[in-house]
Every structure is written in structure tokens, then in C-alpha cells.
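What follows is chain A paired twice: with chain B in the first complex and chain C in the second.
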Partner chain A sequence: MSIDTNMTGTIVQDKTTAKKQGLFNRYGHYFLLAPGVIWMILFLVVPLIMMLYVSFWTQTTFAIKPDLTVKSWVTFFSSDTYFGALLRTLRIWLTVLVLTFAIGYPAALFIGQYVRNKTVQTILLVACVIPFWTSFLIRVLAWRPMLGKEGAINIVLMKIGIITQPIDVLLFTELSVIIGMVQIYVVFMVGPIAFMLARIDESLIEAARDLGASSWRIFRKIIFPLSLPGVVVGAIFVSVMVLGEFATASALSGRKVNLLGNIIVTQVGSLKWAFAAVIGVVLTLVMAAVIIGLLRVVNLRREL
Partner chain B sequence: MMEVQGLSKAFSGATAVDNFSLTIGQDEYLTLLGPSGSGKSTLLRLLAGLEAPDSGVIRLNGEDITSLPAHMRHLGFVQQKYALFPHLSVSDNVAFGLRFRAVDPVTDEAVVARRVKESLDLVGLTDLGARMVGQLSGGQKQRVSLARTLVTEPKVCLLDEPLGALDANLRERMTVELQKIRRALGVTFMHVTGNEAEAIAMGDRMIVLDHGKLLQVAHPDVVFLTPANVSVARYINAYNILEGRSEDGRFVCGDAAFPLPAPAQDLRHYAIRFDSARILAEDETASEDSACMTARFIASEFLGSQVTYILRRSDGRTFEVVRHLSREDPVVYDRDQQCTICWNASDGLLFDASGNLVSAAPVRGAA
Partner chain C sequence: MQDAKFLKIGLGTYTALFIAFLYAPFVVMGILSFQQGPEGGPQFPIIEWSTYWYQHVLGFAPPSRVAPLPIGEALARSITLAVATMIVSTVLGTLTAQAFRRHFKGSGFVFYLVVLGMMVPGVLLGLGMALVADQFGIPRTWWGTAFVLHVVYTYPFAFLVMLAIFNRFDGSVEEAAWALGVPPGRTFRKITFPIIFPGVLSAMLFAFTLSYDEFPRTLFTGGSEVTMPIAIYGTFAVEIHPNLFAFGVLTTVFSFALLTVYGLLMMASVRRAKVRISGLQEEIE
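What follows is the complex of A and B.
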């Protein structure tokens, strides 16, 4: 009888240790996430919540008080300057997005589909990144002697007699901001698209051709759909960077073209934290909406 | 129906297909056997129009299609890796050729739907039309790929190692299926394979290719019993091939010599089928008209209906003897036991210095 109890006792004990070990074995790998999660909570989630909270604080000329009010929000949506900046940001973002796609896709198509040698492919993709070997500021400022009233483009056009008066919309306008941004960000479109295109198995294209499809049909029905995940990833890169832009805009527009980013810089400069927070929240929401929208275009989970 | 004349192709100097000529008939099942690197895939790609030949002519029903691009040829090509479009459903994959071909596309969606359904019924995938390609097993992908090609009603359907990626079980089932489907449609199939059993079992005619050259094209029976060339005998993997020379009406190979089935000169190779030879029992002596040699026993392999005995000859090469268990019981030998192998001298095949068959033994049981 006593032996019996003893035995059951041991068995019960064994079960509990097994359970403990099981728990650790089953969930232990989640500890791998801990450093990342802690970092993100401290430096991303908390600041975001703070930004939302501060946007409802009361702002006086030189001070800010934690008395909740919607005054800053009302100012943002009722002011032509600020709401106009939102619309301008969206317009420039869309233009840059379309242009980077229109310029980047053919280049990516060449690298990904027509260059079959992997080494050459890599060399060409690296070549796309060469402009990044100079600093951002130099790349942006170099556009001034290029586009200015007495800049290279105007001089050449006047020399060969196409124009008699220098074109002055080239610099310090929305146009120059767009030219500058497209030049900087187009590579972020080329990379992911070329990557997806290079992954398309040659046999798919041969199969489509064998089934009687012309080259254009093959592009429309096979190559383009299979490259869409790359387009979406590229569009997300470009969108996130362009929507938060302020440096290119201020350097190439002579401070005439104000994007949401530029307004945040000015407001923070004059210690208007509540108002800057409002714009920060608006910008975050716009980006979130854009990313969600783009992810709807294609099911990345299935493709990658 | 389809004539190929003097087709050649080289890749940066290396010959892949060398002066290949063949006439392909209507409603036949052709198998093309060749070791890897023999140029069989290149040949198929040349026929399909995915590569351009260096020289030669391809005619389809009298019309020269040599320089016609692939999408204008009306030939079907089933790729080895299936090449299904991963972003389309099974139905859309099958419908691709009908909807998007440059010549005579089918615009009526009702017709497309009907033909896709017929095609999926034919390959036995009736209910899988809505699935995405990623949700299919290997055998199902194979069938979709076949249905996608057959739905366009090609004049000749080229299959590049269609059973290569399937497991043994599925392979056997698809063997039967492929023949059934082909007969139902009356389309000519040209089936490329590296597996000799597949080539022999499935073909109405069998082509043997090596180094881009056509070695033999005939009914599988004929190829099996009278290989035209020592390489063919080697590829069908049913012959022991002995190297030696002819001397005074005998074939001398190392320390053994056998009577020749027919007088011949300048011989280089002697081939004897695995199942023509047998191992003598210890107290048995060979009859007058048989050829014999000694060898040491290495191992035996039991395959259910037959046993393969593997022996080592005095020159170090192996010799295989296959005995069917319906005729006799398996015998156990010790490793390294000295055995005498014997066969009827008239069963030997002789090949001359250039590798060609010199005299065929009287063919027993051939069609």
C-alpha cells in the first residue's frame, strides 16, 4: 500500500516537472523577441502615444500646458497654409511615385529580364546606388547650378537656339523639387522590382510563348503580375521617404514649396510643440493609409 | 506529318545536336532515350522553336517552320519543371493558351470554360479548377501542365522528362495515364526520357540519341533485342558488354574466349543480355555450343520476381546475370566464390570497331 502511494507520488511530481519544462520549451523562443520589443515600445510606441497626447495640449506663444484642447487641430484644418501643405504633399508624393515607377520599371525590366548573367545584374544594381556615395546635401545642391536661371540646362538650350529667354520655372519651383526627389528615390523603385523580375523562372516565359502568346501578352499576363510585389515594396519605400521629406523641398524650392515635413521643422523651431504634434499625427496617418492601400494591391504574404 | 532534316545545333563550339533527321507520323507515341547531356532537351527545344538551329529544316505538314517563332508553331511543349503560372488558378493556367494566343484566340468565355473543363476531366482533375498552383501536389502539377498544353490542340506534343520528378508509384500510374490520354486525343507525343524502362514500355517507336546523334529509331522490341550500336546496347541497360577482339572464329576477351554465333572480323565488343546468361551449378558442365567464362560472385539483389547476381570478371569489370524466379529458385553463393557463367553462343551480339552491330542473333520472340 505504502509503495503504491509512493509510486503515484513520484508520477505526479514527474508530471509537473514535465509540464514546467514543456512550458519553457514551448514558449522559450519568444524571449528572442524581448530586446526588439522592449526597444520598439520605449522608442516608438511610447513616443507615438506621446505625440498624439501632446497634439491636444494647450499652446501659448512660448509655453505649452497639458490642458486638453482641440485648438491646434482646428487651426490645422481651417488654415489654407497648413491644409494646403497637406494637399501639396499628397500631390508631390503621387507625382514622384508615378515618375519613379515610369522611369524605374523599364530599367528594372532590363536588369531583371534581359540581363541573364547574375554578376552583370549585381553590377548594374550596384551602379544604381553609386549616386548614394555622395552626401545627400551635395546631391540636392548640385541641382542648383544645373537648373538655375543661369544654369547648365538654360545655357545649353540658349546656345543651340531652342529658347531665347532662360526658363525660370526650372529652379525654386515644385518642378525642381519633383526632379530632385525622383532622381534620389528612383533607385528604391528599381531595386525591389528588378529583384522580383530576376526571380521569374525562364521556363514560365517559354511555356507562355509555346502556348502561343505574343511578347506583349506575356508581359501583361505573366511578367508584370509576377513583378507586382516588387512594385508594391518599391512604392512603399518611395512613399514613406517622400511623405516625410523636408530637405529636398527646402533646398530646391527656396522655401517656397512647403511640405508637411517643412512645417514640422518650422513649428518645432519656434517651439510650437502642440501644433507640430498635430502635423506629426496627420503625417503618420497618411503614411499608414498609403501603406495599407498599397498592401491591398497585392497579397505579399502569398508572394514572398 | 513532321519532318526533320539534318538538324544541327552547337553551343559555343560544343555540338548539342548533330545532323538529326527523323520523320514523325500522325497519332504515334515516340520515346526519345538518351543519357544526360546527349542533346535530347536541346533537340526538343529546337523542335518547339525555343532555340534556333544552326542548320537543318523542320517541316510540319509540308510547311517549312524552321524559322517560325515558338508561338506560331502549334506545337505543345510540356516542360520538365511544369512551368505553371504561380499567380493563376488551375483553370486560368489551362485557359492561358486559349485566351492569349496570338493566332486565333478564343474570345467566348463560355467556350473557354467548356474546353478547360473537358481538358481537366481528361487528366482527371475535374474538381481542382479553382485551386491555386501552390496548393497542388507534384503529380497534379504534372497533369495541369499536360492539360494546359493539350487544350490548345497541338499537332505534336513534346514532353521533356514528364515523369522525371514524380515518385515511383505516381510514375507508374502516369505511364498508363499518358498513353490513355494520348489515345483519346490521337495526338502525336514525343516523350523525352533518360529512363530506358520508360522508353521501352511507352513508345510505339523509340529513338536512341547520344552526343546529339540519332543512333537508332525502331519499335522498342527491335531496339531491345537488336541494338544497332554498342552505345544503344549500353543505354538500354540490359546487356553485359565485353571488350575484346575476334581471333580464329572466336571472340577473345581477357582470358576467356567464346565461339562466334556467325563468322565475323574486326570485332570490338560482344554483348550478352543479363537474362540470357546463367551461373552453372558446381557439378554441371557446359554444353558444346555454349560460351563460358569464370567470375567471382559479389552480391545478389532480390527483386521479387527475379534475382540479379552481380559478379566480377578477371579483368575487374562486373557481369550481371538475371534469373526469373518463375523458372528457378534463387541460389545462394558465398562472396568471392568462383563461378562459371554460361550462355548459348548464338545469343551473343557482335559489334565491330566502329560500334555497329555485325550480326544479329536469330531474334526469338520478337514481333
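What follows is the complex of A and C.
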């Protein structure tokens, strides 16, 4: 009799713990997810929605009022300065994107395809990343003594005798902004491409070679298509960073080249919140279009 | 075949030049940090080699017309902020990645929501947060509005690192511990944590360095008490001096020290795991 009650007692107890565990199993991951999701909604989604909302507010001299209007939007698209900045941002973004790809791809090809030793591969990639340990802003500023009229590049070129007069379009021009950005962001292109190239099955290339394919044909038909997901990931990284840039432009152009990011900074500085918000929304739309366009090229979810 | 060899040499030379290109500003910074001071500017030629600007950064140089960098306060703020960001984003990243170990409804939404945090440019997020703070009367401070944005930025990195770690994680080890009646807390401490430790360390490293160098988000939300990157940005408008380069060299050396510590911890953790496995094998045998 006593054994019986004991047994039922344990059974009942087991049931409650099982129920507890079941509850945790069913809803446990919501507890795990909640902090992160709440954080992101409060501090990422809300600010972005606020930006969209404020872009329709009325701007007075030093304040904004929640009376809805499209005045700031009209100003943006009817002003040459601001619309011009949009075009300039797009032009610089496209130039930097093409250059990072053209300059980065051969290096990635060497690291990913021609270096077959994994350790050497890692060492080369780490060597590319080490300059990132210097503060971003100081790295940008270090381009000034490189590009200036009496800068390192001009000194070297004059010493070798390639030029007799120093080139003065190197600094404080659009060119200097492009050089600076390419150098800073090219690694984000090299990394993903090298990663994809290193994953290519070598027997595939050997088979093609045995069947008599030329090196160029192998590259065109096998290597390049297989590295395309890496190119797209790299292009997304570079695009997002270049489109949101303003520091490189203000440091290397002497504030002559104004990107959308620079205009946001000046507008916030003069408390033109509604207008800054308009530019922010424009920038977001451009970026979304670029990313969606790039994702059209390759289906990343399937490829990675 | 001759062709392929030629191509390989060509690409190798190109890669060497490419890496040189990546290091160029770094080398220039290193050379110019030894410029003579306080008259020597941040340009060539070097008037005379000296360590003046290092003394200037560290506060040993006699006062001159060049204002000292606000090393003490700004650096202390930056490091405090980076440590706080590191802790919070690693914890959040680990929790979220742990939840992703099983399939659940809406996982795609959560994934993109988190990853969005590293994709949205700092200038947009900074602007949005500044607008929110302005409208709701929240004071903009480096430890408040800027801190939450730093976490938004670094938490996705921690999450992705932990996700990669958990993907390679054999869940049956934990199940075995549970089946043997080890309480969950102890299982986590004795089994789960040692296995995921290298990932946690990488996540922390990512979060710390990203936050330490973060600047567009902080620019709009950091308020009047500046962090180190904002202090450097402040010098953009006025004349720059080689003390910035000396500071750059010092922080890079500091980063290397940090990276070395990380490498050593990583190696130690791998070795400990190996020893433990061989010990277990001996016991079984």
C-alpha cells in the first residue's frame, strides 16, 4: 500500500517536471530570443521609422514640428546642390565598386587558387587584415602626406624621373577620395572572393584541363562562375560602406566633395532635422535598391 | 604549362604589390610619427628624426602651440564603452544563436532583423537615434544613446560567430550529460561553455574592436563628452599634427598586444581540450 502511494507520488512529481520541461522546451527559445529582438526593435527599427516619419515634418529655423508636409522632399529634388550630391554619391560608389573588384580580384585569385597551402593562405589573408588594426580615421588621414603636392607619391615619381612637375590633382579632389576609399574597402572584396575560390574542388579544374580546356576557358567557364557568390557578398559589403561614407570625403577632399553622408552631417550640425531625415531616407532607398539588385545576380541562400 | 607558371608568378607579384598598397598609409604613418617637433608637420621630408610626438601623446612634452590629444578621458571612455558593448553583445549573440539551434517559426525574420544591425550605415542609425532622443527628450550620452547603437552594430557579428560555432557543435554531448542527470547549469558550465569558448572569445574580440573604433554612430548620439574616434574626427577641421600618427602607431601596437593575448588564450584552450580528450581516452582504455 505504502509502496503504491510512493509510486504514484513519484509519477505525479515526474509529470510536473516533464510538464515544466515541456513548457521550457516549447517556449524556451522565445526567452532566449526576446532580449536580442527587443533590443533590435527598440534601437534599430524604431530609429529608422522615426527617420522616415520626421522626413515629413515641418522644419522651422531651429526646430521641427510634427505637421506633415512634403516640403523637405520637394527641396531635395528641386535643389541642384542636393540632387547633385545624390548623383555624385552614385558616381563615386560605382567607381569605387568597379575598382575594388578590378584591383581585388587578381589578388583574391592568387590567394584562393594558386596558393594551395592552407597555412600560407591564412597568413596572406591575415596580412591583408592587419592594417585594419589602425584606427579608421587615422588611416584616412595618413593618405594626406601620401597624396599632397609634396607628398610621398610625388616625391617618388619625381625621383624616378617619370614627372618633372608635382601632380597637384592628387589631393583634395574627387580622385583622392576614390583612392582613399578603394584602399580602405578593397579588402572586403578580396576576403569573400578568396573564400569562395578556395572552396572550388580542384578535381573539377583538373578534369577540364585533361579534356583540353585552355586556362582562359577554365577561368571563364568554371572559376569565375563559382566565385560569383563571393563577388556579390564583397560588392554588398563595399556598397553599404561606401554609400554611407562621409569621413573619407571630408578628410581627403578638403570638404569640396560632398556625399549624401556629408550633407546629413552638416544638416544635423545646423539642426535641420527634417532635411537630414529626407537624405537619410533617400540613402536607405538607394542602398536597398543596390542590395536587391546584387542579390538578383546570385541566389546567396542556395550558393553559400 | 609554361603559361600557367608565368601566370602564377605574375599574379604572385601583383599580390605582393597589392599588399604593399594596403600597408602604404601605415608605413607613411609610422615614418611621419618620428617627425621633428613641435615645428615639423605631418608631411615629408622628415626634418629630423625624433620621438617628440610620442612624448607629446603621452604628455611628457613641454606645452607648445599644439594642443595635446585628450588621451586620458576620451580613451578611458572609449575603452569603457568597448568593454560594455563587448559584454552585452556577446551575451545577446550567444543567447540568440542558442535559440537558433532548433528550427522555429519566424527564424528568417529574426535572422534578418539581427543582421540588419550590421548592414545599416552608421550615419543613418546615428541620425535616427538622434531624432528619437531629440523628440523624447532623452539626453544624448556616450554611455546611453551611443552605447545602445554600438550593441546594435556589434551584436550581429557576435551572433554570426556563435551561429557558426553552434552549427559545428555536437548536441549529443549535452544530451548525454542531461541523461546522466547533470543539472542544466552544470552542463552548461562543464560541457557547453568549454566547447563554445573559442567562439565566445572571437565574438568578444570582434565586438571590442568594432566598438572601440566606431565613429559615425557615436558622432550623432555621443553628446558632448567625446570618445577617442570623435576626438580624432574633431582634428579634421583644424590642422593635423604628427601626434595623431604617433597615437596611431601606439594604438596599433596595443591592438597587436591584444591580438597576441587572444591567440595565446585560443591556443591554450585548444591544448586543454586535447589534453582532456586524451585523458578521457586513457580512462576508457
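As a convention for this text, the second predicted complex is superposed on the first by the 268 of 304 C-alpha atoms of A that agree within 3 Å, B and C clash if a C-alpha of one lies under 4 Å from a C-alpha of the other, contacts with A are read in each partner's own complex, and residues count from 1 in each chain.
Here, a contact is a pair of C-beta atoms (placed from the backbone, for glycine too) under 8 Å apart; a residue touches a chain by one contact, two chains touch by 3 or more.
Only a predicted model underlies this, so the values are computations on that prediction, with no experimental measurement involved.
Clash or fit: chain B and chain C on chain A?
Overlaying the two structures gives chain B and chain C room side by side.
Hey, is it chain B or chain C that touches more of chain A?
C
Based on the superposed arrangement, let me know which partner A:Met51 touches: chain B (first), chain C (second), both, or neither?
second
Go through the superposed model and pick first if A:Ile222 touches only chain B, second if only chain C, both, or neither.
first
When the two structures are overlaid on chain A, which partner does A:Asp210 contact: first (chain B), second (chain C), both, or neither?
Only chain B is touched by A:Asp210; chain C is not.
In the overlay, answer first, second, both or neither for which of chain B and chain C A:Asp201 touches.
So A:Asp201 only meets chain B here.
After superposition on the shared chain, which partner residues are touched by A:Leu175: those of chain B (first), chain C (second), both, or neither?
In the superposed model, A:Leu175 contacts neither chain B nor chain C.
Quick check for you: in the superposed arrangement, does A:Ile167 touch first (chain B), second (chain C), both or neither?
After superposing on A, A:Ile167 lies clear of both chain B and chain C.
Smallest separation in Å between any Cα of chain B and any Cα of chain C in the superposed model?
It comes out at 7 Å between the closest C-alpha atoms.
Which chain A residues come up in both lists, the one for chain B and the one for chain C?
None.
Show which residues of chain A lie in contact with chain C when the two form their complex.
So the residues of chain A touching chain C come out as 28-30, 32-33, 35-37, 39-48, 50-51, 54, 103-104, 106-107, 109-111, 114, 124, 127-128, 131, 133-139, 141-146, 148, 150-152, 155, 183, 186-187, 215, 240-241, 243-244, 246-247, 250-251, 261, 264-265, 268, 273, 276-277, 280, 283-284, 287, 291.
For a test of understanding, state which residues of chain C touch chain A in their complex under the given definition.
3-4, 7-8, 11-12, 14-15, 18-19, 21-26, 28-29, 32, 42-45, 92-93, 95-96, 98-99, 102, 104, 110, 113-114, 116-117, 119-125, 127-132, 134-135, 148-149, 151-152, 155, 159, 209, 213, 215-216, 219-220, 228-229, 232-233, 236, 240, 244-245, 247-248, 251-252, 255-256, 259
State the interface residues of chain A toward chain B in the complex, per the touch definition above.
Going through chain A, the ones touching chain B are 201, 203-204, 206-214, 217, 221-222, 225-226, 302.
Would you mind writing out the residues of chain B in touch with chain A in their complex?
Touch residues, chain B against chain A: 48-50, 69-72, 74-77, 79, 81, 83-87, 96-97, 100-103, 134, 148-149, 152.
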